[in-house]
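The structures considered in this document are given below.
Shared between the two complexes below is chain A, which has chain B as its partner in the first and chain C in the second.
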Partner chain A sequence: MSGTASSVTAHTTRLSSTGWPGRVLLIVAWIIAAALAVFALMPHLVAPYDPIFLDVVDRLRAPGLSHPFGTDEGGRDILSRVIYGTRYSLGVAVAIVIVAALIGILYGAAAGMSSRRTDDLLMRIVDLFFGIPALVLALALAAAIGRGLDTVVLSLAVVWWPGYARLVRGEVLRLRERPHVEAARALGVGTWSLLFRHILPFVVQPVNVRITTDIGYALIAVTALSFLGLGAESPTPEWGLLIRDSRPYFGSAWWYLVFPGVMVMVTATVCSIIGDGLAGSEASSRGA
Partner chain B sequence: MTAFIARRLAWGVLLLLLVATLTFFLSRVVPADPAAFLAGQNTSAATVARIRAEYGLDRPLPVQFATYLGGLVRLDFGESLRTHRPVADDLVQFLPASLELLIVSFMIYVIASFWLAVAAARRPGGAVDTAIRLLTMLATGIPVFWLGMALQFVFFYRLHWLPLAGRFPLRDTPPPVHTGFLLADSLIAGSLDDVWKSLRCLAMPALTIVLNLLAVGTRLSRAALIAEFDRPYVRTARGKGLGPRAILYRHVLRNALSPVLTVTTMQFGYMLSWVILVEVIFGWPGIGLYAYQSFEVFDYAPVIALAIVSTAGFVLINLIMDLIYPLIDPRVRGLAT
Partner chain C sequence: MILSVRDLRIRFGHAAAAPFAVDGLDFDVSAGEIFVIIGESGSGKSLTGLSVLGLLPQGAVASGSIRFDGQELLNQPEAVLRPLRGGRIGVVYQDPLSAMNPVWPVGEQIAEVLRAHGLAGRREAARRSVELLERVHIPDAPRIALAYPHEISGGMRQRAMIAMALACGPRMLIADEPTTALDVTIKAQILELLSELRRELALTVVLITHDMGVVAELADRILVMYAGKVAELGPAAQIMNRPSHPYTQALLFSATMSEAPAKADLPAIRGTAPPIEARPAGCRFHPRCPQAAADCREAAPNLRRLGDVLLACHYPLLNGDAARPGCAP
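After this line comes the complex of A and B, so read on.
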């Protein structure tokens, strides 16, 4: 859905243009992103408890000094579980977006470099993929190859790559006409090295912006699939799964619902703020 | 115009074919033993053998694919193992609930997002605009299922204002079925009490959908409106002394309608797929919940049927929009012929 939207969003005012509040927000976002990276890579250094250690005596404890985010129905420390969860939720989201971006770059570059006819055909196929119902496809896929985080990656990558294909193809078409590319072509540089040496390096920046923003959306999609029970399985501390597990208890244990959700929201918002900042600096480097 | 519609129809058919091929591939080619896959778990070898013969799974794949497509064309989605009924019948039974939820939510959404976008675009960068921008930006990060549960926590567990789940109070008898839409059926039965009960059940799921859609929709509609305000014709209108209201209603809105409509169509397509989440959380007996509950007990024909049906819905909405565009925007008429 994001493809058609991009022409409209081009006009949204960037946060970075709002002066110091925007800049402060951007700095805070980068600090949170750094913390999330630490959570994902070295959770054992930060988390106070073992995320899957059961302690039934302490079940469903409200947040307090020993358990700042409370405990779940098995007495597991929710703070530790959301910290360890970063690796699964965010990790899978990053994997999806990177897989989608790689497919999209190759496809989009191929379309952009080929003849008008082939390009037309290739982009028609992309249009088709925009219509696939993501969630239902994921259900069907999980039915066929079983549940698990790899199923989530596969099904979301299938619906995510067309956005990148469209973006990259547009950039390639634009860059093809640039003087430096024409000069290289006139000097007899072949299509392949034209693409890889003179065109794709300039595509990296817009793709980067898109990847950053998309990680947030992919994260929400990943947690949604886990919430439906298609992704991680208990007791993996994946955020969406934590929210799923909280369903029988959250009426009396609000912390069980709130903290995993807050992690998803904060991470998604951080991605969109950083993506917005990158888009701003990209626009200014282009002189736009 | 005819050529244009024919092209769009061809696109829709191709999309349906793509989804049908994908689902066929997923259900017949990927699993090691498709008969066991169709039979579900915990079935005897005899049942599996019976199913293999019954579904023609012992025949070559191209033949199977042809039969599969033939079935789809006749709206034959197979039989649900859970309900022991043809999936098509089940879909007909559960579809009105989904449609009722989607239609009510969409009507509220369209009005609310229009109102918010106009409020924001009236003074870009002003206090209202900044507030709306910040709120929508924060709201896009909220997962729809979490939002639904948060509403349940507030309005059911804490305030006891609204029912937790379901489409009608369990202990009461719903009005006799005429249309399948509870609100309409209640009205036909002439029972305002039933209308009220249905509305109370509808409130939270609809609010969840509306808030979720508003987050993305308002941002895009606002951008479309502001882009229109930058156009030279607005300066001309100002120059000849038109007031802001006249400019907004007589000039800008008409021009901004097409991009806003595009956004709305996209949103609807997106919701067709994600409404499952809302139905699961609120126990809303629509086709999403039906497919999900079947999926949970390894009954996969309804899942595949839902994939086809929601794609068909997406194609249909897009076709309707394609027909509406030329009506509201004369510029498209030239392009379409």
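After this line comes the complex of A and C, so read on.
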């Protein structure tokens, strides 16, 4: 325990021990996260225009009063497209991480609770999955089942769950030795109850931290795959795809490239800051 | 005999050279008695207790035989042991704060044991958990049942642990250092509770401790362990009043003196218990023994009978007096 806990603290003290600047940053991050949630869930309330409405007269217009982020080559409002894009980019990233976490928790818990031999076998399988390069898998899946956001979710979840399996297995092995688990076992509590009532409640926190941080990484992966043409298809306002579509106009219409890029960057940073904050409170609740 | 242990050996790993943490232990516990296993840390007393219910840590290998009510328990599959755990044998651990799950209320944890053994449904188990808390004299039991472990005092927590261990009406209770984490007044209350439960429920209690004070309070018979072996085994009264083994005498001496006001020196047994991989040849106690003679360094003493007492010493103390090397029987 001291090993993992101390590395977590070492990693987070930078933020939490700096006092108010760290706290302000964290508050700002939470506010942005709340705004992103609104964008993703209710974009029609926030976006000024329909994200796929074509208006050829207004094509590639620079940011101004009527179009704060400018327009694209079809005259579509980039602000609206970026807001609607939250649902696709962030939504897909969240889906990937949730799917990966669910698979990883079940798998890791199974490995942690089984006999040493089964555990070894299960973890060698995990090692195999660690060796799969996300990009190659995405290409293969895109070729096999066609490109699209569901292909992105599938291929990234496949490469993402082993991290959770390893994390959860390690936690389960550590928690199995806790006196309260030993005591419950000594009084005849069965394996399932031990796992679900005495071990997994204590796995939630580290997994939470991991999920939050991972959403940022998954977002970057999703947009990268879309940028490479393996993800969303036009005219879906997905951020990576927006960046891809903006390339021909990079010299003349900087706003087309910059605003979706900024959204990716800000969202990934927010995830990282919130993840750090959660890791800090987890470390302190562990008494580390 | 409710529990009989024969040639119990426990070591870590299968290697032929691996030393035995518990090295050939034989003892019987009769129904209804309070049997105390006493020894320093590293003597193997806790391993002995854990092995009864197959709760040894990973990597520990046990051989020999442990029979409970005629049924072999050692190295049995989980399916055999699980109904016994908490069912016919209850276990109380040292530190009730860490032995209870912090995310569930106390009553719920007692109810869980009942449910795990299929003795009660959800509602019935909740009702019984309050009764059990009352049984161990917790005031305001319905309220405490809903409290979380960190919200109640250490003494209450240990009472609640005992209630958990008693939930399914076991015949035997194994208590591993049940009072070590408690302060002195609470300790006395918990010991009083154990002795009351033994009386009223005809419970057999195996108490594992390093505290001679605990032994004096309630033991019927005592097993003194040193470095994985029996040093002395016999009726409590005789061992407390007239210890035959120099180690027992030293333990008693440190206990009586530590309760007296500080005089000159704190009496202690000189040296420390040998680590398991560096046990001396001959009698394992000889480097620390004031009576040690030449043959103590060479030959390990066999267990032999001296009155009601079984003991492993070349030069036992007679009438509590130091026998001189060379003039032993």
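Some observations on this one:
The rule is simple: the second predicted complex is superposed on the first by the 274 of 288 C-alpha atoms of A that agree within 3 Å, B and C clash if a C-alpha of one lies under 4 Å from a C-alpha of the other, contacts with A are read in each partner's own complex, and residues count from 1 in each chain.
The rule is short, and it goes like this: a contact is a pair of C-beta atoms (placed from the backbone, for glycine too) under 8 Å apart; a residue touches a chain by one contact, two chains touch by 3 or more.
Keep in mind the model is a prediction, meaning the values are calculated, not measured.
In the superposed model, A:Leu154 makes contact with neither chain B nor chain C. Counting the residues of chain A touched by each of chain B and chain C gives the higher count for B.
Residue contacts after overlaying the shared chain place A:Arg178 against chain C, while chain B stays out of touching range. In the superposed pair of complexes, A:Gly229 makes contact with chain B only, with no contact to chain C. In the overlay built on the shared chain, the residue A:Ala144 is in contact with chain B alone; chain C does not reach it. Look at A:Leu187: by the touch rule set out above, it reaches chain C but stays clear of chain B. By the document's definition of touching, of the two partners only chain B reaches A:Ile132; chain C does not. After overlaying the two complexes on the shared chain, residue contacts for A:Gly261 are found with chain B alone; chain C is out of touch.
Judged by the document's definition of touching, no chain A residue lies at the interface with chain B and also at the interface with chain C.
Within the complex formed with chain B, the residues of chain A that make contact are 1, 4-5, 8-13, 18, 124, 127-129, 131-137, 139-145, 216, 220, 223-224, 227-229, 240, 243, 246-247, 250-252, 254, 257, 261, 264-269, 272-273.
Residue ranges of chain B in contact with chain A, taken from their complex: 11, 14-15, 18-19, 22-23, 26-27, 30-31, 37, 124-125, 130, 133, 137-138, 140-146, 149-150, 152-153, 156-157, 219-220, 222-224, 226-227, 259, 262-263, 266-267, 269-270, 272-274, 276-277, 280, 291-292, 295-296, 298, 300, 303-304, 306-307, 310-311, 314-315, 318. By the touch criterion stated above, chain C contacts chain A in their complex at residues 53, 55, 58, 82-87, 90-91, 93, 95, 98-104, 109, 112-113, 116-117, 161, 164-165, 167-168.
If you check the complex, the residues on chain A that touch chain C are 116, 178-180, 182-190, 193, 197-198, 201-202.
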